[in-house]
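By letter and in written order, the chains are A, B, C and D; residue numbering begins at 1 in each of them.
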Amino acid sequence: MSEEQEVVTVVNAPVYLQYNFTAGAAPARFLAQLKKGKLTGQRRAEPEAPVYSPPRGSCPASGRPTEQEVELSDKATVQSFTIVYIPIPGNVIEPPFVVANLVADGANISFIHLMSDCDNSEVHIGQRVQAVWKPEEEWDYSMDNIKYFKPIDEPDVPVEKIGKLSVTGQEG
Amino acid sequence: MKDIAIVAYQQSDGVSDAGAVNEVELIMPVLERTFTQARLGSAQDVDFVCSGSCDYLQGAAFAFVAGVDALGAVPPIKESHVEMDAAWALYESILKIRMGHAESALIYGFGKSSPGELPIVLSQQLDPYYLAPQWIDSISLAAMQARLMLDQGLITERDMAEVVSRSRRNAMSNPHAQLAGDVSPEDVLAQATYLSPLRKADCCPVSDGASAVVIATVEKAREWGLPYAIISGIDHRIETHNLGMRDLTDSVSTRTAAKHAGMQDGRVDVAELYAPFSHQEIILTRALGLGAETSINPSGGVLAGNLMMASGLSRIGEVFNRIVGGEAQRGVAHTTSGPCLQHNLVTVLEKA
Amino acid sequence: MSQPEVLNQAFELGYTYTRSTGPVIGRFFTELRNRNIVGIKASDGRVVVPPMEYDPDTAEELSEFVAVGQQGEIVSFAWVKEPRAAHPMDVPFAWAMIKLDGADVAMVHCVAAASEDAIATGARVQAVWADETIGYITDIRCFKLV
Amino acid sequence: MANLAAVVGIGQTRYTTKRQDVSIAGLVREAAVNALQDADLGWDDIDAVILGKAPDMFEGVIMPEVYLTDALGCNGKPMIRVHTAGSVGGSTAIVAASHVQSGTFKRVLTVSFEKQSESNAMWALSNPQPFSTHLNAGAGGYFAPIIREYMRRSNAPKDVGIKVAVKDRLHGARNPLAHLQKPDITMQEVEESFMLWDPIRFLEACPSSDGACAMVIANEELADQAVKQPAWIRGVAMRSEPTTFAGRDEVNPQAGRDCAADVYKQAGITNPRKDLDCAEVYVPFSWYEPMWLENLGFAPVGEGWKLTMEGATSLDEGGDIPWNCSGGVLSSNAIGASGMIRFAEAARQVRGDAGDHQVEGAKLALGHAYGGGAQFFAMWVVGSEKP
């Protein structure tokens, strides 16, 4: 049978839609501070309320808005991590690379970011890390202003303390 | 079956672009007002929560997951979601109460349509082989439906303009309306056509927003001491997806749903119809057999603001408002989904 | 608390989906590639174009293909003054419900016309084929008035 | 209280990487027709259809019920579409059951599906959003750190995940519908399969499948007249919690524990390991078996892995509480359908209709699904006897 006579069984359907995404108010505040090189979190306007970073608009446990901004340290603790061996579609990072759940000092929730400048086999829960920032002239409204986190020479944080450090880190 | 009542309804202002507000930030203020109205502390104080949203409005998968962050769902709650207008979330909640697994429920719907090109986004809900690849926008489909009616002498352009005029004038007393004003049918007819035979005024605007409703068994509503309206019937029906095989000048599924919801069992003082296009309000009015005794779309309807995924729930809420406000004894709310009124839900509400 | 700025960024949500057609849609597309149009007979005898896989009334599988004409009549139309970027034409055109000769159910497709005045309900139209047909709905580039 | 309801028909497609011989409608239809045939019913016997699937972006069809109306014989009937992320198949079954348990309908059809091959599951899940770090390495990248934390807490041996991966594939080899057919799989093969998201290896992760699953659910009167043994619904429960919040236990989520407690209470279960005969539990990554054994109360916290290692969950090893006899999500993962497959396979067991993966004499079974960041849970218990 010639190619022309073959029955159609599969078709390609391009579905491309254009959007103009707008960051929410809480994320926009967070991103504006990041552009200035500051890592912040937010919480309900109550002294003991948990600090979220990045903030998404609500304190999810209570469903209340996070109206108070808190400056965080760019030091963090490894809450957990994975070593990724497959490429992320559309991302230039070459595997294997470490994606870690990190809690910044002063925050009560983890975010994910890259870890680098480290031996992948030595990454561990409780490890102390610090942000490595891009040059200031490249800062944008983006968490990518932090290139990655690298290990620092500080004692590990006991598991029960992870996510509970103050902005001054283990000293506080 | 248990009598179920609506005890609270809130909606955000319809706005064409909510700007720097994400889904959670859109939902939270509406829920807060709803909880205040129902004298509840949070979603923890109802037995079930159900929402309606659509990922493609904003172009991100799992839109509803963000919604959960607005609920205070710690400790965990009984919660579900439909990728439909939240009126169907209300339907799911009613079944949950009828089966005895809940005595009360919070329902909310939300949509931020402004980031995308809504009429084109909606083209992708059509047949994925024959229609979606042609990118036939939702307004064009409605325009063909309107022309069928005009050609057959079922309506005139003036009839359509009168629908618009009444919507704009009614919307003047709706604080959440996006489009309102003292607009006459002549003013509308003076407009050029937009997507002929439709004028821009014949089409609902694109809106960002959210709405929420609290329902409960009548016993619970009484216990809470809240004014309420009874949901005396609810039913929904869908039709074939082939537009060419439907009588687009009629809404058979609306009529069937109304019959099963028991609409015909009494006088209808008020009707809130989800008609995104002026001629569709006429189709629905006729399909439901509504006459002069019925006040149609006193809120202005969705021509005054169309909160995708919430507008259907809002129609139910608006009828609730008329009943607890003493303006009506009995009313009907209609919700639609799909192109040219393919899927329709009818709710009948009565004074307690 | 810092002031929120409105941060906007355009993005494209896009994938090219690989759709398997199954026998009914596949047959229709195969015929389109050969510049033929076929419909299918519904349980009530009506000829439906494009062919549906399942009958709306009985829910039964449909399988009786019927060749239909490449000309037909406009049942209704919408005049697109300002085409959208996604639309198949960049000059004003019409979307129309078209009942092809030999078919009983109208299909939706675009119609090229010089102006709104040139087109009307009841007007006769003819399929215009794409330069290269690949076995897809867009093989019918549009319909033109005859 | 709730009216009695039972599963009287079950239909599935085979699960495979690409079902290129059918349209989306054809795929969904196949499961639906199989369910109707199993129940010896026709389209006119169905009062309403309840459809479930995961995000619309997998197929790029928005609100697909609008298009699937005719394939599912819905013209003129009620049709509703549920979406609760990965738990959706389970949630859909529960919503379908509520149509009958509420006394509103006599008999309904529920269908869930995914035709992931139309797109690519990982792309849809890792669609880069503006202003966010694009490190979303798919579901595995999300769950791997949680598994790592479980390993730390439990001190489980490193090969627990490998054992589950083998066990579920051996189960899957008994199920002709299962996507992966690996009757000769070994621990060594799993261990040597390449690492995806450390500690998750390729063979410790679920495949990506096309497929659909359907059930007919009827009220007591009609179920009593059913042609085959009905699976009586003995309890249904759903729970949700936010994806993330300070102090959240991601390893052993409260929502899962609460949901299990709720469904057990309804079904009169006090000791799930003893009272249930088998369970179909949503385990997309092998380590989730020990984690859910604990979360669902089959083992004390920190000891779920012991059941796995003892063979308690293995049909081949004659375990006392076989899990995922169908092969589970590790053998077939048509995302939107995966939860419903768990629910349907639990029902097949108590109907005595599970073929080569039948647990002999099974009378009471658990169906479980979870979704999102292990935050949405749906469960049901079905039994061979009326409650």
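Convention: contacts are C-beta pairs under 8 Å (C-beta built on N, C-alpha and C of every residue); 3 or more make two chains touch, one makes a residue touch a chain.
Source: prediction; values computed, not measured.
When chain pairs are compared by their number of contacting C-beta pairs, B-D comes first. Seen from the Cα centre of chain A, the chain whose own Cα centre is farthest off is C.
If each chain is reduced to the centroid of its CA atoms, chain A and chain C end up 45 Å from each other. Computed centre separation for the pair chain B/chain C is 29 angstrom, with centres defined by C-alpha atoms. Here the spacing of chain A and chain B, counted between their Cα centres, is 38 Å.
Look at where the CA atoms of chain C average out and do the same for chain D: the two points lie 38 Å apart.
Taken residue by residue, chain A touches two or more other chains at 9-11, 13, 15, 17-23, 25-28, 31, 60-61, 141, whereas all remaining positions touch fewer. For chain D, the set of residues that touch two or more other chains comprises 20-21, 23-24, 57, 59-60, 69-70, 75, 123-124, 127-131, 242-243, 245.
Residues of chain B in contact with at least two other chains: 19-20, 56, 59, 68-69, 71, 73-74, 117, 120-121, 124, 128-129, 132-133, 240, 242. A complete topology is adopted by the chain contact network, contact being made between every pair of chains.
Put simply, chain D touches chain A in their complex at residues 20-21, 60, 122-123, 126, 128-137, 140-141, 144-146, 148-149, 152, 194-200, 242-247. The part of chain C that touches chain B in the complex is made up of residues 4-7, 11, 13, 17, 19, 21, 25, 29, 42, 46, 48, 50, 52, 56, 75-81, 84, 86-88, 95-97, 105-110, 116, 121, 136-138.
Partner chain C is touched in their complex by these residues of chain A: 4, 7-23, 25-29, 31-33, 67-69, 141.
If you check the complex, the residues on chain A that touch chain B are 11, 13, 15, 17-28, 56-58, 60-65.
Across the complex, chain B meets chain A through its residues 19-25, 28, 31, 42-43, 56, 58-59, 66, 68-74, 114-117, 120-121, 124, 128-129, 132-133.
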